[in-house]
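Both complexes shown next keep chain A, but they swap its partner, so chain B is in the first and chain C is in the second.
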Partner chain A sequence: MSAELRADKRPVARSRRRVRVGPVVMAVYLVFLLVPIYWLIIMSFKSNSEILSSFTLFPDNFTLKNYRTILEDPSWYMGYVNSFIFVSLNMVISLLVALPAAYAFSRYRFFGDNHLFFWLLTNRMAPPAVFALPFFQLYSSVSLFDTHIAVALAHCLFNVPLAVWILEGFMRGVPREIDETAFIDGYSFPRFFTRIFIPMIAPGIGVTAFFCFMFSWVELLLSRTLTSVDAKPITAIMTRTVSASGLDWGVLAAAGVLTIIPGAIVIYFVRNHIAKGFALGRV
Partner chain B sequence: MQKTVNQRAWFLVLPVLILVAFSSVIPMMTVVNYSFQDSFGENIFFWVGLEWYKELLQSERLWDAFGRQLLFSFIILMIEIPLGILVALSMPKKGFSASICLVLMSLPLLIPYNVVGTIWQVFGRADIGLLGRLLSDLGISYNYSQNAFDAWVTVIVMDVWHWTSLVALLAYAGLRSIPRAYYQAAMIDQASRWSVFRFIELPKMRGVLMIAILLRFMDSFMIYTEPFVLTGGGPGNATTFLSIDLVKMALGQFDLGPAAAFSLMYFLVILLISYVFYTVMITVDKDEAKP
Partner chain C sequence: MSLRLQSVSKISNGETHIYPTNLELQKGTMNVLLGPTSSGKTSLMRLMAGLDRPDTGKIFWDGADVTKKRVQDRDIAMVYQQFVNYPSMTVYDNIASPLKIQKKSSSEIDAKVKEMAELLQLTSVIDRKPNEISGGQQQRCAMARALAKDVGLVLMDEPLANLDYKLREELRFEIPRLFEASGSIFVYATTEPEEALLLGGNTATLWNGQVTQYGPAMDVYRDPLDETTARVYSDPPMNFVSVRKDGAGVHFPDGQLTRLNEDLASLSDGEYRAGFRAHHLEMSDNQSGSIEFEAELVVTELTGSDTYIHVDVMDERWIGLMPGLQTFEVGQALKICLDPQNFFYFDKDRKLVASPNRKPEESGI
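After this line comes the complex of A and B, so read on.
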């Protein structure tokens, strides 16, 4: 911008105008994004009667009752526990199998590598609706229905391909010479991989773990289809409440706010990698 | 990067292969199986050949859902892509404000899909929602659970709210990779803001924009949770998109045969788009590899 200002009279005027337009667009857009979220958060601090009877931009009687309901009722808070269990399982499984595979894809050519890489992508893109029924039958037949591991494995359908693609994107940035030097120095492959290579791509692993966590956390259809009581995730519990008759909006809003918190906590640390993660490591 | 041929790399890929085969190939085979058979219950199946496919291709229900789906994906692309580019161009380039913008913009992307539906539900309802209340106070009749047009508008605005940030973040990543020298050259030529965009920024964003378009197309093409929570596919069938229809058929009515045939055709379309996506990805990679 400063170089622009020096160049000529006309671009100065033009750039000034642009400086004003940018923040306005940005501000309007951010307001558009944040107002619905604000409404949800505010609603979670209102009592149900206040939500239904009066229309207030800020709670008249600020209450934590909705949150207390969730934290005291096992049928609510176990939803978060269940979600955390299968999401963590899925994250660990996805990373463990994806790390060596991503290394292979980033370093070597082998029979069928391109086809395999493409096939992985098709699984990331597969509609969960197509897999809901067959998964239900598959996991019922091996008596894993309503277990955390079933949901964790089902989410591997899209999270393992995702992890392989993102990790491959990070690993290709590491020069091959490092591998070769390590092998010349007498490192065995497992030792090289765990002692040298993994620390080098630690940020990439962090980003991948975050995306595995997130895509498993936000998914509803498969986790709802594969569970009934013991492993029911919070997202499914929330939709159950929606369909019930006497609807407690305050508790629903509080439950929604609580599901946003994990993402909101880590968001700052991954802010520069979000585009990369969604674009499967290609940006 | 030069890769060496090494067939032993297969051992590194093997765990992924086994796991994904278990969660994708086996279920897919059951789907193929069902799509050629009919059942009177109690696990007695008999071969019906291509009957289900013929029936489905003639059924209005499928074509209606398909049409709605295409229309939906088309509309949200027409809104999200230009809006995303505009937002990316307006973003601060560096410093603390850039971080704040990145964090706030990413927020909708990390909200569980059903909570996105809930947010817009409590935001849009005429009795308790801020938006619904404001609109009705302004004298505009708006009710997304009764009126098909209102339902469509709400679902589209919801998707724009949810995903425009992704397009913006991708475009922003593309913008940041443009060397300063390009802008300086444009300034020497006294290029207008529009020509800077048209001849420098847009061509340089081509790769990421292709990725954004395809990602948004794919994900909107299998949208399920958000409209399911918001409208349940209604009013009537107005917002019943392909995935909602398929789940109704497979898990609601348990029509295994038609649902399976439906799944396979759905999957074939996805496969086709995936291939385009893959080709684009590979080209983008090669373009970037060029000096």
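After this line comes the complex of A and C, so read on.
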């Protein structure tokens, strides 16, 4: 009898404790994650003197001067434009190349398909720095240096394999019978692919585009090596803002905030499928 | 319109899926492929559809060789066991999709889609997406799309297998009606003999990648030409016992002897396998001429209105169908009886030599 009672009580007590601990742990973790972002944001609204002189949790003299500097000076805002151009180019090229490749891997058996599929991923095991030198020399000699397409192509080396892997996972989830039914219905392959297949894996395409964006947007080394003026990305500009008067802390912080925003917007659209993307589409 | 398979075979990964098969399906016929799981029903259908290429043999459509013709250019439609629809399109667009490819006028498409939706009771869900309707409706949508195309050959690969009992019954009665309306050659794969009989037409029984017999459903059911066909076309499978025939009659393994009536007297002496269907196994001996056996009950299965009993008799396991709900103890000794009138006799090569409605003379022995 008493044993039964105890057995009854224990889970209740345990669950109560869990209710109390859970939110606290969560809150601490969230604060830990958000502190640097908060600090970046308040810095962007402070003047340089306030940043350097005092410790304030909220700007004493709220100012938009830092943002104005960025949005009015072409040497700053062109960084964003350049980044956008090569990131978009890269996303488009990666998807156009990876979609047919992923379809082939998901639907056909051919000689060495498994090895080739794995070999694709080994490209990602080398650090980008390894490729900086060959790319720099190659692009200089074919006069692609300091163009958007140069950076986009260089990033494809890393993004195409990833895109193939993610898309293949999503495509494998589509039953082959759908393809066959479409062919029986009379669809030609291109028509089937664009009208029926692409809409079915739309979330996968969104996630793939996001992962390409994520790599290309934050990648610094290749994009800095392969550009000088015309195609210089924002991340590279941010690392070179040491002026005669020292670091311009406020402007740098504002640039940082503006760099985070596009990523936050993009991730919002794929938030429901992102986990599947991290698992390379295999959930 | 006719479909002819000429010694068509399929081997993949060194495994023979379809042994060389000859089959001719005529215009406007219902053809049922009957066989257990992995007997080659789907493989054969994929060959007919052109989704797979045969390793040997040729396929003729209306006398023309279509073996190498693309799926897109063939006069076919197919319904899968899984409910295959285009998830991003509404029911309406699903049914209309093959018609749009055929470049029909929009008024013609509209009329056809509405007609098919009416026929398959999809009118109320016509604007919904496939994942917003029930499984039965999804399969009806797939059928509507297949039939809207107005093709010469409609392939249905166990279309009812994934549906629940009620819906299956419902659609099972609709299929002959749809078939009548279409005038196409229907090929319908199923694992259930009952379904093959219900749909009628012709039955091709399949076993391990071989068509063991093809002919009108009732003929194949009444006179399965070999033991395998008899097993396939019987649910539960046909029961067998080894017997020896001589001048005196038929000897059973337990020593019992039964006299043969005149029409079976011409059966030559020797060893045979005698087969009979589950519902011919009976409990009480109220008929003259029936033989009684001692049996031990192994399992009983209640279906609601009937009872299946599995019994061990003379080293054989038999299954009997008893009317009503019977309560037996497992291990109980039972007296069962059989009427030799109902026996099918198969020779050493497992070929049919006599059946209840086929005398030895007719089979040429």
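As a convention for this text, the second predicted complex is superposed on the first by the 266 of 283 C-alpha atoms of A that agree within 3 Å, B and C clash if a C-alpha of one lies under 4 Å from a C-alpha of the other, contacts with A are read in each partner's own complex, and residues count from 1 in each chain.
Operating definition for what follows: a contact is a pair of C-beta atoms (placed from the backbone, for glycine too) under 8 Å apart; a residue touches a chain by one contact, two chains touch by 3 or more.
Values in this document were obtained by computation on a predicted structure and should not be read as measured data.
Engineer: Looking at the superposed three-chain arrangement on chain A, would you call chain B and chain C a clash or a fit?
Structural biologist: fit
Engineer: May I ask you to name which of chain B and chain C touches more residues of chain A?
Structural biologist: It is B that touches the greater number of chain A residues.
Engineer: I'd like to know which partner A:199 touches here: chain B for first, chain C for second, both or neither.
Structural biologist: Touch partner of A:199: chain C, not chain B.
Engineer: Applying the touch criterion given at the start, work out whether A:97 contacts chain B, chain C, both or neither, answering first, second, both or neither.
Structural biologist: Touch partner of A:97: chain B, not chain C.
Engineer: Under the stated touch criterion, which partner chain does A:161 make contact with: chain B (first), chain C (second), both, or neither?
Structural biologist: Touch status of A:161: first partner only.
Engineer: Once chain A of both complexes is superposed, is A:33 in touch with chain B (first), chain C (second), both, or neither?
Structural biologist: first
Engineer: Where does A:181 make contact in the superposed view: on chain B (first), on chain C (second), on both, or on neither?
Structural biologist: second
Engineer: Classify the contacts of A:131 with the two partner chains as first (chain B alone), second (chain C alone), both, or neither.
Structural biologist: The answer is first: A:131 touches chain B but not chain C.
Engineer: Between chain B (first) and chain C (second), which, if any, makes contact with A:64: first, second, both or neither?
Structural biologist: neither
Engineer: By how many Å are the closest C-alpha atoms of chain B and chain C apart after the superposition?
Structural biologist: 10
Engineer: Touching residues of chain A toward chain B in the complex: what are they?
Structural biologist: 3-4, 7-8, 10-11, 14, 18, 21-26, 29-30, 32-37, 39-40, 43, 51-52, 55, 57, 93, 96-98, 100-101, 103-111, 113, 116, 118-123, 125-138, 153-154, 156-157, 160-161, 164, 172, 176, 214, 217-221, 225, 235, 238-239, 242, 249, 252-253, 256, 259-260, 263-264, 267-268, 271-272, 274-276, 278-280, 282-283
Engineer: Show me the residue ranges of chain C that touch chain A in the complex, using the header's touch definition.
Structural biologist: Spelled out, the residues of chain C in touch with chain A are 49, 51, 70-72, 74, 76-78, 80, 82, 84, 86-89, 97-98, 101-102, 142, 145, 149.
Engineer: Flag every residue of chain A that touches chain C in the complex, lowest number first.
Structural biologist: Its residues touching chain C are 175, 177-178, 180-188, 191, 196, 199-200.
Engineer: Please name which positions on chain B make contact with chain A in the complex.
Structural biologist: Interface residues on the chain B side: 1-10, 12-13, 15-17, 19-20, 22-24, 26-28, 30-31, 86-87, 89-92, 99, 101-115, 118-123, 127-131, 133, 161, 164-166, 169-170, 172-174, 183-184, 187-188, 190, 192-193, 208, 211-212, 215, 218, 221-222, 224-225, 228-229, 242-244, 246-247, 250-251, 256, 259, 263, 266-267, 270-271, 273-275, 277-278, 281, 284-285.
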